[in-house]
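My questions will all concern the structure given below.
Residue numbering begins at 1 within each chain, and the chains themselves are lettered A, B, C, D, E and F in the order written.
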Amino acid sequence: MTESKAVFVADLSAGDRIDDFFVLAEKSMAHKRDGNPFLNMTIADKSGRIKGVVWDDVPRIAAAAQTGDVVRVSATVGEYRGALQLVIKSVAAVADGKVAPDDFLPASGRDADQMFDRLKAAMDTLKNPYLQALLQALWDDPDLVDRFKRAPAAKKMHHAYIGGLMEHTLSMVLLADKIAGHYSGVNREVLMVGAVVHDIGKLRELSYRTCIDYTNEGRLLSHITIGIEMVSATIAAIDGFPTELADLIKHMIVSHHGSREFGSPEPPKTIEAVLLNYIDEIDSRVNAIREFMAADDADPSWTAYHRLLERQFFKGGPTTAGV
Amino acid sequence: MTESKAVFVADLSAGDRIDDFFVLAEKSMAHKRDGNPFLNMTIADKSGRIKGVVWDDVPRIAAAAQTGDVVRVSATVGEYRGALQLVIKSVAAVADGKVAPDDFLPASGRDADQMFDRLKAAMDTLKNPYLQALLQALWDDPDLVDRFKRAPAAKKMHHAYIGGLMEHTLSMVLLADKIAGHYSGVNREVLMVGAVVHDIGKLRELSYRTCIDYTNEGRLLSHITIGIEMVSATIAAIDGFPTELADLIKHMIVSHHGSREFGSPEPPKTIEAVLLNYIDEIDSRVNAIREFMAADDADPSWTAYHRLLERQFFKGGPTTAGV
Amino acid sequence: MTESKAVFVADLSAGDRIDDFFVLAEKSMAHKRDGNPFLNMTIADKSGRIKGVVWDDVPRIAAAAQTGDVVRVSATVGEYRGALQLVIKSVAAVADGKVAPDDFLPASGRDADQMFDRLKAAMDTLKNPYLQALLQALWDDPDLVDRFKRAPAAKKMHHAYIGGLMEHTLSMVLLADKIAGHYSGVNREVLMVGAVVHDIGKLRELSYRTCIDYTNEGRLLSHITIGIEMVSATIAAIDGFPTELADLIKHMIVSHHGSREFGSPEPPKTIEAVLLNYIDEIDSRVNAIREFMAADDADPSWTAYHRLLERQFFKGGPTTAGV
Amino acid sequence: MTESKAVFVADLSAGDRIDDFFVLAEKSMAHKRDGNPFLNMTIADKSGRIKGVVWDDVPRIAAAAQTGDVVRVSATVGEYRGALQLVIKSVAAVADGKVAPDDFLPASGRDADQMFDRLKAAMDTLKNPYLQALLQALWDDPDLVDRFKRAPAAKKMHHAYIGGLMEHTLSMVLLADKIAGHYSGVNREVLMVGAVVHDIGKLRELSYRTCIDYTNEGRLLSHITIGIEMVSATIAAIDGFPTELADLIKHMIVSHHGSREFGSPEPPKTIEAVLLNYIDEIDSRVNAIREFMAADDADPSWTAYHRLLERQFFKGGPTTAGV
Amino acid sequence: MTESKAVFVADLSAGDRIDDFFVLAEKSMAHKRDGNPFLNMTIADKSGRIKGVVWDDVPRIAAAAQTGDVVRVSATVGEYRGALQLVIKSVAAVADGKVAPDDFLPASGRDADQMFDRLKAAMDTLKNPYLQALLQALWDDPDLVDRFKRAPAAKKMHHAYIGGLMEHTLSMVLLADKIAGHYSGVNREVLMVGAVVHDIGKLRELSYRTCIDYTNEGRLLSHITIGIEMVSATIAAIDGFPTELADLIKHMIVSHHGSREFGSPEPPKTIEAVLLNYIDEIDSRVNAIREFMAADDADPSWTAYHRLLERQFFKGGPTTAGV
Amino acid sequence: MTESKAVFVADLSAGDRIDDFFVLAEKSMAHKRDGNPFLNMTIADKSGRIKGVVWDDVPRIAAAAQTGDVVRVSATVGEYRGALQLVIKSVAAVADGKVAPDDFLPASGRDADQMFDRLKAAMDTLKNPYLQALLQALWDDPDLVDRFKRAPAAKKMHHAYIGGLMEHTLSMVLLADKIAGHYSGVNREVLMVGAVVHDIGKLRELSYRTCIDYTNEGRLLSHITIGIEMVSATIAAIDGFPTELADLIKHMIVSHHGSREFGSPEPPKTIEAVLLNYIDEIDSRVNAIREFMAADDADPSWTAYHRLLERQFFKGGPTTAGV
């Protein structure tokens, strides 16, 4: 059984004594004037992060845990140059599974199992036996399913929280179903399978045990490459999977960023791949703007400047327009 | 009552004698070795275009009609350097309304009145009285409605045929309705009105009486600017139209190309404007790719290279994939 | 009668007591350790800005004024972490017209009325009656003229001060006159009217009552779009204004940024529009570089790096070269 | 035993009668004035291509072969509008293996077996057992080795001939060896294996049986994606292959185009990947420029304008400089 | 004394016999069916170009002249495939100076000596002795002055005719004088000298004896580099020329294209260099648009599409607007 | 004889008294509350920089030295707001040559004389007498050779230390020799001379007496322009230097940045110039990445984000991969 945290970073006040679980976000060794070493540490949970120092027992505590580990920290909360700072007495690594990981990372507000059930239900309407076999092979891997329910869709920008990938994937599948019904001649099944697998490489591109970051593999290969590895190997194990259908599904992964400059080795070359790229852009853009609007409260009408999208967004919007 | 053409350019053979209606697409004066003038002319209808020469009665025929006019042409079909060529006997301007304009331009396969009825029905679900007043003011202008039913959406690329603007607008309105239902917090009414008016400036940007071309106004101002003029004047005539709602609707027109480099003076700054830009891109892109696939039959699997989209498209697609 | 400020932000010293007019530039609520709220405020005038805190009577003071209001502030000047900080006792909104607005924003060193007279004199040389009617209709709107004399030309970068738009417009008109005389075949009247109206949309794009900022309308539509609205409506009210002349004047507004990527829906397509774009670039660039050189005194020879223009400018320049 | 061609396209003259092997490059059906069908065909060999028509026995000949097939053509050489044209009597498909494929495509001037032996010798100097196992697994696939010896490196631009991929790969391996020796701290083995496998996906991206073209798989996935599939599967079959070493090798494939805009999902992130990208650019650029210089003889000093590289190259060069 | 041409290419008719001077624009050897060689030649003068063939005496005629030479051609005018074609009897090289070079290249409509006098008069107003010494050193080189009066300003695009560089330079100097008077604080002398020397490298970048083309030096170094060489050497020979003034003048040359992407190694970093770049752009753009408008008569209102400027220009313009 | 520093900035502790040599990196006048002036100064050496204040004797000390001068500073080390700060008692300018300049700037770890000897030895293998004369003329200028041994190759990014230009040049010459041997048909002599002179303009573009910065000349003209001036003047003094060879050598300088956007007025147009550009990129890139990896120790596997190269680099690399 996992233990829960009692107190979160955002709630700390000067004078508090704490003995609780946090992620060890950063650590570095420094030296005092007298030449003796001390440790700077930053610890974090889903509510934020705080700096601390270790004055005593430095070598043992330095060796107790690695960056990214969940640790039990005993400390007092002080102030230094106008900000709260911990004076840390002890740091102990915590066995995996001992704590609820959801205390350390922000999470989707929606239930992952329910989202997965809706996803499976939507995909059960597919008729092509090879595509069904491909999905079944994925669902038959319990580790993959577990990670799929938990993975974020990104480190920043959109759906950057536990369960974000499932939320993004499900939204895209449902939107794909609507758009496939709007235009005649679109292969609904290829489009929907494309929506399911397009970001599957993110299961290995990102680590999200205690904080969201890129893996070595992710930084070196990208989720598009990893997704191709995963789907290629799965398809190769299905007897008689038609070659062209395989190429079309892989093309959905390869081209879903829309152009080379955004990391797709080839641009979309089928109607379905063109649509998947737009559906991905719509869903990630809408989520990104909403999160940005929600996080920003300095001005009632306009958000701050969004560096990546290079504009401010209007929040006053339709409601205040008397609609 | 209008008269119909009997024969189309695509059906001409050497030796034919014709006496029929065409558009005068080009004309230029040249001189024979003996110093006497002759006329080069190109005439066209919706099936194609053909060159011709006028040897006799040159000054009178030269003055008979202007480029873009519908003319009655009497000629014989000959051959010159391996291609068919007309020897033109007479050219007479034809009064407007005397001929069916649809003989001269390709047209949507769908009925414009039915499309317009579906558009109005979709918009009748709106509740905001000012938006209803705006739409009513547009529909109350019979000349505008006539042009809306007839205008193409572009000179090339997508929906470049009579009725194309109505087809494109209706498709966008229906898609907007679906997407507004997919995401909570989207102002459906602003989005749908934006879909109706986003390209309304094309009614004056393009001329499409006998061939599709840009007007002087269109080339100098662009359909975004003209659309703003039209909607601003209409809104200004509605008592009490809320300022912010007016700005939001105009913003849909201003920003619908998505970024400055594509001709929008401001990028989309509301969720609704972001969605409208994607819906416009999806609908024009899908139409453009389909038209390009349909027009191309050199290779069963791949289209020719699409210069603007910088790729070939795969036609073999899903069907041949055994789905 | 308006009252004047007695003291400016740039002159404050620790220990001063003040009771004077300022612009409320920012405010935000925070909480003390004991849970009670306090207010952070920034107040400003044309000489600079300073932070302050409100410890007492917080709810009433928080409600007393909005960002952008001119307020009467009673406070003492203290120090906090090495910088001056106000401890604010009271904040009271001030009725419009009670204070001289020029105390709060930097202003052109030149007299607005004189500049406007020179502008009118230059335009009185025009002969085309429709262009004269257009100018007359603009000058007949006293509110427009008032704003024209007062508006800045930008929020930052160039002529970003009260009277800046008039200064920029007049300079462009005079330069346009010279260049129209240099090249034969240039329509001097279209060029000079273009210079007058090209930025007229800035009257509504920017607010500059107490600080320069974009309006909602400005951010959603851009001054190009607003300028088109203003000039279109004005022209529409002039009987018999020639269509082509109207399009040419509007084209000057539409194209004056020179290319789509800089916000013009169409690039310049007449000699006059090409010249107007260059004249605008020259005048804004020269003003921007001079202001940047004047504001910078860290190094005698070179300015700091100009982020937008991506270079340092050489100040040593010709004089030190012994010319 | 294969048969050889007797005559090549470049050597045909009007009046010749031919009965020889060619590639069927294009075919399309057309109709005569009398409504009867005829066939347009283009046939080719490594010396060039020529158009022809089939007047008789059209349906049978139309069905005899597909584009890309080697065919036996019986025809007479005539002239039509100033160019040679075949009148084709019969077309018969030829069994694979019956003809020497090298008659139909240009080929490297170097011996493929010798190049492969040099490549293997260079790689035999590697010490890492897993990298040796990876290479061995590739060489153990006789089909892969055959294709490696025969494949071109591109459809156009550089090494676009039979054996071109081997020539390009060997040159890169030898250059990589030199550069690895020039800089300390470079992992020579990772760099050299990267040089061997970086373009291995071209074995499936391109078809080069009778003419060089992209495969469906190549156009949909790109050689980078295909190379990842091939190397991933090979590595997965080697017991204990270190994960990080696998990622580093795959990263060489993923990043070898240098940036996303050139089709690499990730840019080079190790010194070895940075070097591989430069070595690839140098070798393909040098080959491309030399081929372009050699093919061009219009002017003694300068080549024609190279559209992709956007410049003319100077041929007069060093020699005429008296060096 | 030079001889003049009697007949120009534009005036030739079938059946004419000619014996006159032309530029040998192109020549290439070909072979007849019987294996004997013949020559294809293109000859030109300032009115246009025409193709021809040499059937007899081929080796001698082939050796008689090089591309770019002025030659005396004896020929008859025939027709081949619908176009005029010469059958050339003899070709003889002509000694330099024997013919008037102005027969072979289009020329400015203005008198070069008069333009040069105006240029010198404008520059005589300068007061700085070092700048006067620099100009004097240039004018003291009679070869340089001759070339300055004759050189075109470009191969294409603007002022691409004999005398074009003088016309362009004079126009810029006069415009620079006006603009220097418009803005206070501009160093008029540096600006005007910059206008004189900015393109001086074109004297060696371009050859324009019989046709305008780039020299080897021009293609390898660019006129900016060559201009620096020329001005640096001239300044180095003037005793006591101030270092900073020298750098400022050279900076005018270096930066006059405005940015690196247009070939300037450094962007303008003084007000004078910023102005020179705009003056150069205005003068070359205005000339380019006018030449393009003048050459184009297919449509009364709009020019053809200008590939480099990526737009059509409106010719109807102000006049038709009733101004 | 020069004196050496006793203590370096990086070794200072609060309470120290110093009396030693530093570079005066920055100085600015400020005023105390009582209206009296004080001086802020920053002093530096090759180990880092530190701020200080001068309270007494301000006018004399302010006038004692200029930014960039080496000064003798007498001061005590205190703390201010958590950082060390000097209270400076006296500042005295130091005669040039009195101190070892290498105390103030980081330097290559390699011996400049040895590197120069290797460079000369490599170039002694050249056979062309004019190229030998060019090199000899450079080596005969002792001032040039001194600066060549001492100059950095850049202000930042790569080889940004004393001796960096020699290190970079020698590495390129040796690499050029290897690559010239790899490809037949490359003019080894032109390539190697190009490597020697390509950055020679940096001798005047950069100042590096006590800190590395751009000179006025460097910022106004760029090292490409200056290099052309230097090599042009040198070549002009060699009797009979072939024109084309001169152009080819100058072209190596002009084009070595590879494209206009990177500051080359012309792109590489010979094989040798193409290779020189790649060799320059490889050598500067490898050095830049290594320096960046070495300076960064926050994370064992990945560097920080490199802003210019827009990525993180993988440090774990090959070694940890078990190679």
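Here is the rule we use: contacts are C-beta pairs under 8 Å (C-beta built on N, C-alpha and C of every residue); 3 or more make two chains touch, one makes a residue touch a chain.
Treat the numbers as computed from the prediction; the structure is a model and nothing was measured.
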Contacts common to chain A and chain F (chain labels): C, D
Equivalent interface positions on chain D and chain E, same or different at half: different
Contact-pair overlap exceeding half with A-F, pair selected from E-F, C-E or D-E: D-E
Mean-CA-position distance for chain D and chain A (Å): 42
Geometric centre distance via CA averages, chain F-chain D, whole Å: 45
Length of the line joining the C-alpha centres of chain B and chain F, rounded to whole Å: 61
Chain B, residues touching no fewer than two other chains: 216, 219-220, 244, 248, 251, 269, 312, 314, 316
Pairs of chains satisfying the touch condition: A-B, A-C, A-D, A-F, B-C, B-D, B-E, C-E, C-F, D-E, D-F, E-F
Touching residues on chain C, where the partner in the complex is chain F: 13-14, 82, 298, 301-302, 312, 314, 316
Residues of chain C that touch chain E when the two form their complex: 128, 130-131, 171, 174-175, 178-179, 182-183, 185, 187, 189-190, 242, 244-245, 248, 251, 267, 269-272, 274-275, 278, 281-282, 285-286, 289-290, 309-314, 316-323
Residue numbers on chain B that touch chain C, as the complex places them: 216-217, 219-222, 224-225, 228-229, 232-233, 236, 243-244, 247-248, 250-251, 254, 260-266, 269
Chain D - residues contacting chain B, complex: 28, 33, 81, 216, 219-220
